[in-house]
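Here the chain labels run A, B, C and D in written order, and each chain numbers its own residues starting at 1.
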Amino acid sequence: MKKLKIGIIGVGRLGYEHACNIANRVPGSELVAICDGNFARAKEVAEELGVTAVYSDPKEMCANPEVEAVAIVTNTASHVEMIQIAMDAGKHVFCEKPLADTVEKCKEAEKIIESHPELIFMLGFMRRYDHSYQVAKQKMENGDIGDVILVRCYSQDPISIIQGTLEYAPRSGGQFIDMSIHDIDLIRWLTGSEPKKLWAIGGCFEFKQYKDWDDGDNVSCLMQCENDAMAFFFAGRAAAHGSHVETEIVGTRGTLRIAGVPASSMVEVMSEHGVCRECYQDFVTRWHDAYITEMEEFCDCVAKGRQGSPNVYDGTASTNIAFRCKESFLKNELLTLE
Amino acid sequence: MKKLKIGIIGVGRLGYEHACNIANRVPGSELVAICDGNFARAKEVAEELGVTAVYSDPKEMCANPEVEAVAIVTNTASHVEMIQIAMDAGKHVFCEKPLADTVEKCKEAEKIIESHPELIFMLGFMRRYDHSYQVAKQKMENGDIGDVILVRCYSQDPISIIQGTLEYAPRSGGQFIDMSIHDIDLIRWLTGSEPKKLWAIGGCFEFKQYKDWDDGDNVSCLMQCENDAMAFFFAGRAAAHGSHVETEIVGTRGTLRIAGVPASSMVEVMSEHGVCRECYQDFVTRWHDAYITEMEEFCDCVAKGRQGSPNVYDGTASTNIAFRCKESFLKNELLTLE
Amino acid sequence: MKKLKIGIIGVGRLGYEHACNIANRVPGSELVAICDGNFARAKEVAEELGVTAVYSDPKEMCANPEVEAVAIVTNTASHVEMIQIAMDAGKHVFCEKPLADTVEKCKEAEKIIESHPELIFMLGFMRRYDHSYQVAKQKMENGDIGDVILVRCYSQDPISIIQGTLEYAPRSGGQFIDMSIHDIDLIRWLTGSEPKKLWAIGGCFEFKQYKDWDDGDNVSCLMQCENDAMAFFFAGRAAAHGSHVETEIVGTRGTLRIAGVPASSMVEVMSEHGVCRECYQDFVTRWHDAYITEMEEFCDCVAKGRQGSPNVYDGTASTNIAFRCKESFLKNELLTLE
Amino acid sequence: MKKLKIGIIGVGRLGYEHACNIANRVPGSELVAICDGNFARAKEVAEELGVTAVYSDPKEMCANPEVEAVAIVTNTASHVEMIQIAMDAGKHVFCEKPLADTVEKCKEAEKIIESHPELIFMLGFMRRYDHSYQVAKQKMENGDIGDVILVRCYSQDPISIIQGTLEYAPRSGGQFIDMSIHDIDLIRWLTGSEPKKLWAIGGCFEFKQYKDWDDGDNVSCLMQCENDAMAFFFAGRAAAHGSHVETEIVGTRGTLRIAGVPASSMVEVMSEHGVCRECYQDFVTRWHDAYITEMEEFCDCVAKGRQGSPNVYDGTASTNIAFRCKESFLKNELLTLE
């Protein structure tokens, strides 16, 4: 079994996770190069993972002929530029979500990718590759729950990491672009449809500073899809109990609820607080396996010459919807999507 | 302890339940008279419960001086007329939800009740008196979850009783007036606020006949309250697993979820289907204790001369909101409430 | 529907509960007389419940011709004497568990009851009448889980009431006679068999004073039944989370677990402790409905002239086994039951 | 980071799992050699995993100087011989459970290992390395639950794989040696004590053929430990719902329950069967991560020159207790361990 030789651009928190997976956890991949604007950081990770090709310039890394594919885990604003560099150099591309920080850039990404049909592209909405989501999707495809009536999504960060959340917030793009875009992707994936109308609301219930960023600390949105399926998502920044990502699909024949209790282990603790399940406190731990599985899928796509999923159009669609949610939230108006 | 002597008007399915409770389960009450347009039915129930005063005419029953209070469990359209008859005869009144089938009639009820300040009135939104809802409300009042961010409500009837559901549907008033009004009442009670904007959607996902009744078999609504709390409700007619009434309150300091699994007993069944909790198949069983507790509360109100809660204004408000939801659903428009 | 006129002997904590139920919660019963050695207490309860016939002497109460049946809720040592008095006076008898404080007295009770075949007798192992246990038993009778392989029982008192537990302990008869006898009864009822061998162990893990009472604060026992079914019970005095009574029946075709999480409501609390279910803190609340249901059953037995279940022989058998458990525990030996 | 070069002996079902992990999932290891008595099988796996050194003779493999450590995943009867071969060749050893099929051989293993203090040895009781068990153990070490009162263990295979279970049974060593030994190891690890008395029982409740193998299809055992902690285990062969391994530790300050519901994903399925959690259907999937974690630990032990845990003495102790359990079961006697 030939291993895909991957170079990674960006080894911040999530980039480091991907780097470790590519190097050591994904059977079909090999980490052969690391690039980070912060060269010291790149060297540190390279040393830990036994990688000898280290760069601060993405173009240089992409000029390395040993690199077959590139994983892009940089800040969102630079994603499309990185895609361009990598594809111009003939590399397959795995790109973290969201695709870009504007819909215009998403369209540019579409053009770049369309002009390289020989290269594989895959976007990193890892939730689709989580085992529980895969189980649910499989059941839906089996017809176990009939037609989709409602998709309900929760995405809450835990209060335990609020300091980091607040520091990151101003440059995050806001709740809809940064966080809810995951749920927007899930809604499209699970309903098999596109929202035709939506209304987003929210507020600053605890952290008033979100007001300054034209954002809310807690927001929600109701969507009506083209196939009449309903979708509701809620996103919050400071859940007392943990990182709570829950998704439910109500169908005409049954219902699937994923992670109604986002327990971080199979341990029930019986104490003066009752019978308790402790919860995930960070998203990297929650999605550890999903990050591996999506990378396995990317390697398999390259090996078999098939395009990855979610693709660039999923990236554009989710980004566009997220911006319309934000617009609805800011105007407090019901919006109709074309 | 003196028992409140109650006469009941209407002994259909729910009326019979109330009659049994008043006669045998509520310590502070005594069932002394039964009235039903179907006199044979009234006699049958009277015989079973050992009641000698039986009527087909509500006015006659209210002329009985032994009757101190009246429980109204007739069809919604007649509620206000019954309130008038009872109060004119000097009786305290417990009236089932919804208060009336039009907002105008609700206003009439307000006037009748205001003109009898010496009489106790209480409206029957029994969910408020369910033990779990009382526990949750108490925790909120203790400040355990901080300020309310989101209230989420599900109300689903089970597929197992779909035949009865479909027969009743055309004269039910529709999902919003008949079913979601419970959730509307809960949302007002739990947020302590009134909706200022709402958008309701839905469709006929399985039972196309709802279209003929200007209704959907599954509907949902997003509301923004005056205090910025968000509220979402979903109502369906045919859940595979059972009668599913779930309510969640997300607060700034914690979250309370009521009946996430609407299990009908404490038994876990481990079988080829996995580890399963069987669910309630009808609302009367689910709310058995709540019906008793609300009646105990009514008796206590009369005994102590204090007005009941929910009151007539709660009835008007919930009815008004339910009609605005229906309007929003039919127009597919975002509505602003005055 | 004629109501059974019941006189109660003993209105301590549990007697008071039964008195309230007989007076106000059980459709088929009426509380007509109250007797307690503490006459002031008897009068207090009688006043609260509107009962005019009050006694300190059981014989006097049993001489009251209005009394048709007697509920015995006195201390265990006096149960058989009370049965004698009541039956000699021609009254039906409901007697709280355990039947007696010695096996010899149980045998006496058998003779008394056998000599009054015209009178109904029922022993109060209320767990059998709990809704969840009834659901489980019904499933077993349906053949849903095949043959019984193992019955596992937990009975833990909560630490929150440890003061009362410790005060009561010296005169309780000890863990096996006082507490585990419930599980012994369940094991007999659920396996449909009798233990042929048993080994009981335990210790004073936290409260050393139990040593002085020839008891343990936590004990357990493994039993082998005549039909080869296995049974394990565990009893403790100070569970951090609450009153934890859990029963599991492993069968050849499936498993039933009752109250794996002894949650006191349907509320999930999401807080810094995780997702928590708060638990029952006292047995009277846990078994509130079961106490009512068993009394309904007693009334129905009298009305229909059929004997109650559990019966006097169940009382003797469970008491005998409990004493053999204690013997095994004290000798640390495997015992064979004849 | 230098990777430990491991050769594996035995690539049957579990051996294959270990081989894949060593090759692709464990960051600190590299699979450099494969040996299997079935050479065709060895070659097949080698090809899949890109390993060039393939053997049918363990001695030959151990003569390969590139091999630094050996993973032994052969049949139990040959474990000690393999340990001898590997250690004589100067290789570190990871050996699957159970250590051996007789206590005598365990003692031999002790001698071999003691004579090679420079080599690392670790025994594969993977449950100790499962995330949930690690969480529980950590909480115990934190003092969260006080002193151990009771450890309860369930180990049930699912009915879905009964054909394989029955085929394997005659050469498995029986329930106690093959299956319950896991729970025996957990009991020793969690109580920090050794059993001083035990009584094991069981029967052939469904599959009478176990009788021919001096075994039961369902067995259980109660143990009293030297520190007075109580332990109960139950093992079965045909649970309707799935592979059910559950462990509970009742302590003086709290209780930890691991995998009370052995759900195979975070999906709740709401269907006509209620709200269901589907369960693991095979042990390899259940313990996938634990197998990786224990191998990571082995690599770390070798890297740091510290001995592994569980060690050879844990292997002897668990094997000895398992045989005493079997003896108790066959004689139906309470046994005292020296």
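Here is the rule we go by: contacts are C-beta pairs under 8 Å (C-beta built on N, C-alpha and C of every residue); 3 or more make two chains touch, one makes a residue touch a chain.
Just so we're on the same page, UniProt names per chain: A, B, C, D = Inositol 2-dehydrogenase.
Model, not experiment: these values are computed from the prediction.
The chains that touch both chain A and chain B are C, D.
Among the remaining chains, B is positioned farthest from chain D, on the basis of C-alpha centroids.
Rounded to a whole number, the gap between the C-alpha centres of chain A and chain C is 56 angstrom. As a whole-number value, the distance joining the C-alpha centres of chain C and chain D reads 42 Å.
Averaging Cα coordinates per chain places chain B and chain C 37 Å apart. Residues of chain D found to touch two or more other chains are 239-241, 253-255, 260, 262-263, 268-272, 278.
Of all residues in chain C, only 1, 20, 23-27, 48-50, 131-132, 135-136, 139, 144, 253-260, 262-272, 278 touch chain B in the complex they form.
Residue ranges of chain D in contact with chain B, taken from their complex: 159, 239-242, 244, 261-263, 268-279. Residues of chain D that touch chain C in their complex: 145-147, 149-150, 152, 197, 199, 201-203, 205-206, 218, 220-222, 224, 228, 230, 232, 234, 236, 238-241, 250, 252-255, 260, 332-334.
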